[in-house]
Amino acid sequence: MSKLESVVKEIAEEMRARPDRGEVATYIPELAGVDAGQFGIAVVDAAGNVAAGGDCDTSFLIQSISKVFTLTLALGKVGDRLWKRVGREPSGSPFNSIVQLENERGIPRNPFINAGAIAVTDVILSGHQPREALGEILQFVRFLADDPSIVIDEAVAASEQRTGFRNRALANYMKAFGVLENPVDYTLGVYFHHCAIAMTCRQLAMAGRFLALSGMNPATGHRIVHAERARRINALMLTCGHYDGSGEFAYLVGLPGKSGVGGGILVVAPGKASIVVWSPGLDVSGNSHLGRIALETLTKRMGWSVFGA
Amino acid sequence: MSKLESVVKEIAEEMRARPDRGEVATYIPELAGVDAGQFGIAVVDAAGNVAAGGDCDTSFLIQSISKVFTLTLALGKVGDRLWKRVGREPSGSPFNSIVQLENERGIPRNPFINAGAIAVTDVILSGHQPREALGEILQFVRFLADDPSIVIDEAVAASEQRTGFRNRALANYMKAFGVLENPVDYTLGVYFHHCAIAMTCRQLAMAGRFLALSGMNPATGHRIVHAERARRINALMLTCGHYDGSGEFAYLVGLPGKSGVGGGILVVAPGKASIVVWSPGLDVSGNSHLGRIALETLTKRMGWSVFGA
Amino acid sequence: MSKLESVVKEIAEEMRARPDRGEVATYIPELAGVDAGQFGIAVVDAAGNVAAGGDCDTSFLIQSISKVFTLTLALGKVGDRLWKRVGREPSGSPFNSIVQLENERGIPRNPFINAGAIAVTDVILSGHQPREALGEILQFVRFLADDPSIVIDEAVAASEQRTGFRNRALANYMKAFGVLENPVDYTLGVYFHHCAIAMTCRQLAMAGRFLALSGMNPATGHRIVHAERARRINALMLTCGHYDGSGEFAYLVGLPGKSGVGGGILVVAPGKASIVVWSPGLDVSGNSHLGRIALETLTKRMGWSVFGA
Amino acid sequence: MSKLESVVKEIAEEMRARPDRGEVATYIPELAGVDAGQFGIAVVDAAGNVAAGGDCDTSFLIQSISKVFTLTLALGKVGDRLWKRVGREPSGSPFNSIVQLENERGIPRNPFINAGAIAVTDVILSGHQPREALGEILQFVRFLADDPSIVIDEAVAASEQRTGFRNRALANYMKAFGVLENPVDYTLGVYFHHCAIAMTCRQLAMAGRFLALSGMNPATGHRIVHAERARRINALMLTCGHYDGSGEFAYLVGLPGKSGVGGGILVVAPGKASIVVWSPGLDVSGNSHLGRIALETLTKRMGWSVFGA
């Protein structure tokens, strides 16, 4: 058993034993009903070895983690012109704050807060029908994970559509400033659907490999993005990937990552590994409670922090 | 000539040839009078080799770069209790914003915005006279740089004292919330003085080695801080080291760094090097214009980004 | 000719002669096309005498002035329970700011900013179909003006529906906090339509009489509201009736009033008169430029300021 | 006994009987020690008749009510040039908020929030020594009240100086924007002292007469200010006199007024009376709890609302 395998095994056991679980998100019934007792982990290293444990093969909603994939797609589509529509700075405020938009003429601070991800979705949508854009996003995720079985949870997308008033406010607000090009309902439709993609830790870790490996997918030999773009997406994940808890995550874990309200976190150890943890209970900042602890432990034991040995 | 030496030489020449220089800070006469045509660079690698070029031996005001050293000192003094007085998140607003303090009960967002650095200075001051606290800071910087000749520019400190109304507002505001323990004038006196430390690129790069080398000073064999603390200070520099331009710096340069209004930038390539660039002309975010370009070039040519090869 | 008649005549002539007109609102074509050269005035005194001049019989869009009538209706429907859904304080920010909503949990500051008026419309709508609610509002305005010919400009309502992204953002934002009870599209539909009521200065001055006369309509002998409610609506008009220019209006004119982006202003001189001026060119705060000047002149010549002789 | 006398007598008795008193301010010992059981009222009508009751001859700290007198003095000194240094709009935020200053380049929203009153004091100070400026203010208040025995409570002024960090922050912040001309310590010294003037209800009601009587002091026949200026000061008191509770006060009481943290409220019934109530217990907005209730009762019984009969 490799060091990585034994560390992953230890962590899966330690997490299973912990009584503290955080609070499961309750704003839609599909999330509220998830069992908080679950914990999964999957790590794919540079050589393609997979170490996984716990509920690593249970599907969960990737939610905001999808924003990493839509950002990659939008950059592929319009390149640096994307940065006219969205910024690259940490927001200094909660994930769904509208204050910043008012102060900065409707330009969201970064592609990982909700407003920014909606603007990115709008870029992918332009020139397409919603169904086509959504198909493109799903195909891209399946391609990255090398797994055509990945699907969208339509019931969740429908729930988000019905209750997502704050996102609807953000989108209309950006529309008022001309930041969105497409009809608000179209853009939001695609956004709510790509947030409802369901994946396992193992699938998601496979999908994240290209960010750890300078833009390459080593299994297939495909270049997904140039090395510089992979570095830059990682930089954005580090400074902005955890809403108003990004500084804390960098301080404690020391790796670029993106969390989702479903309890998943995708983390990149550049040159070393693609990592996914999942546990549905969240901390006060809305990030997976056990997930964050597991990542802190993993980074320390493997010596993977980007900030030094 | 090593690769590093030739890259540093190239950069020094390229920067000297550029016509664009940015704007020198003018809020005090001592900064306004500095020649914008200067550019210096110094890099100390893990083995202790120094590559330097341009005006690398000209003293400049380190200004906010001193906040890295005061943070290190304060953590040494009170450890994690420091985080009751200051946060660890990017601010999402300019370096001297007071809005965030009002919304968050006087607790500054991080130790690198002005309010946060003033709170850190207050921690160092507690239990001492201002003169003693300042002596301790200066001794620490001299010790890190292994150079007892480093001094404070008293005329600059006096200018800052006379005109620093916004910092005085920040300090009184924190005092109103009980975040500062000492008399406001004492804390500000120490703060204005440590910002007025003058150093060369070469001296500053030597002083920053411990952050690149897991907390060790290899020249002397002294451990300055534990490895984990060095990593964490680096994490804070990456997420918060450039005020509201921190995301951009991470995106373009890909290394932890701290800039000062005097035109210096201290950057850490973990495990690889301590880097200082200096050029007095600033960009719109208040960071050295040529300095940022030089660092972007250096990181790319050396392949030093923490975000991947 | 009474003093009032000659003052109104003078003002109509003075305004016609002025070269400065302000800027006509351009956010919908129906407003952008209005001739900026127009000026109308109508004053109904306590005895029912009408003094009118200029384009006093030309219809214009009353826009936000309708908020006075919807507030009156909503108070009639739910009384002081209305104040659980909307505040009574000046906003200290522009008419369509969303920042305040985020800081105050979706409760708009007062019934005259857009968010507040949308919340008031939602109260009127509850228990009804949009068509019924709109019918009730229109009937109420016709009853107050004693003129069944008043209609809604459907083309304008349609334009507002198509372009009103900021109001849609405000409404969704309040909905996210549970401040709105009805479907956002229903509430906004009614809101956009009642803002598109078209009236002449003369009709509008008739409709405002009850506020000047302790809640009575002297023509018909009907009591519209209790005297205390009339006083309180007047108080709200004075402190909040002109968005972030309310302090200035009170300072210069000294009477409660409500302006609309169509260039109309309804003003109440308690115990003395109901006054309407209209001129489509707006000042930087979005209030009728000539209208404000005409009111300043009228108040001064008639000695009608509530703040003293 | 006149109607006014019997109404005042009733109110004094009703207030004495109420068990609810609000909370006495505790931020300085001199306020914290005041007996919350006290209530005083004094009304001077247009003819000079005085109706008073309760603790109407007990001195209390006028605190922010002094801002009415300093505004009058500053307008006398520089006229409308004052409005380059301070605005005329309600603040929409608490009395000591600093956020607004950051957003509006250091210009306070109105002369009655702390920042605005400090800017007004700075105008009075210009060209004088602090002692002279303070003397001028005290002389003016004595002249208005026709009572040379009025003094400043030096112990209170000293307490405020020692603990007024938030006001010191506001002043330094304005100084950073160039809004204050004099040394911050000088301006604050005068400000803290004029807030520490001690007066009785009777003295204060006498001092406020000129605002009720078109700028005249009928006792002496002196014109204090032009009628228009008196109206305008009243307008500012109505829209801005109670910090973020100004809308509520206008809604409930319907008269211009200015409250102080010592529990006093000066109210103007234009053309009719100058009114002062005092009771040290404050409501959540920092205004005298019994004072506000007493004023609501008085206005209703006397029919004095400016908003209609």
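So that you can tell them apart, the chains are marked A, B, C and D in the order they are listed, and the count of residues begins at 1 in each.
Throughout what follows, a residue touches a chain if its C-beta (ideal position, glycine included) is under 8 Å from a C-beta of that chain, and two chains touch if they have at least 3 such contacts.
No experiment lies behind these values; they were computed from the predicted model shown.
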- Query: Can you tell me the least number of steps between subunit A and subunit D, where a step is a move to a chain it touches?
  - Reply: 2
- Item | Mean-CA-position distance for subunit C and subunit A (Å) | 48
- Query: If you average the Cα atoms of subunit A and of subunit B to get two centres, how far apart are those centres in Å?
  - Reply: 32
- Message: Can you list every residue of subunit D that touches 2 or more other chains, as numbers and ranges?
- Response: none
- For this assembly, give the contact graph shape among line, ring, star, complete and other. ring
- Query: Which pairs of chains touch each other?
  - Reply: A-B, A-C, B-D, C-D
- Residue positions on subunit C within touch of subunit A in the complex are 97-99, 101-103, 165-166, 168-173, 175-176, 184
- Message: Applying the document's contact rule, which stretches of subunit D touch subunit C when the two form their complex?
- Response: 87-93, 100, 109-110, 211-214, 227, 230-232, 234-236, 238-240, 244-248, 250-251, 254, 256, 270-271, 305-309
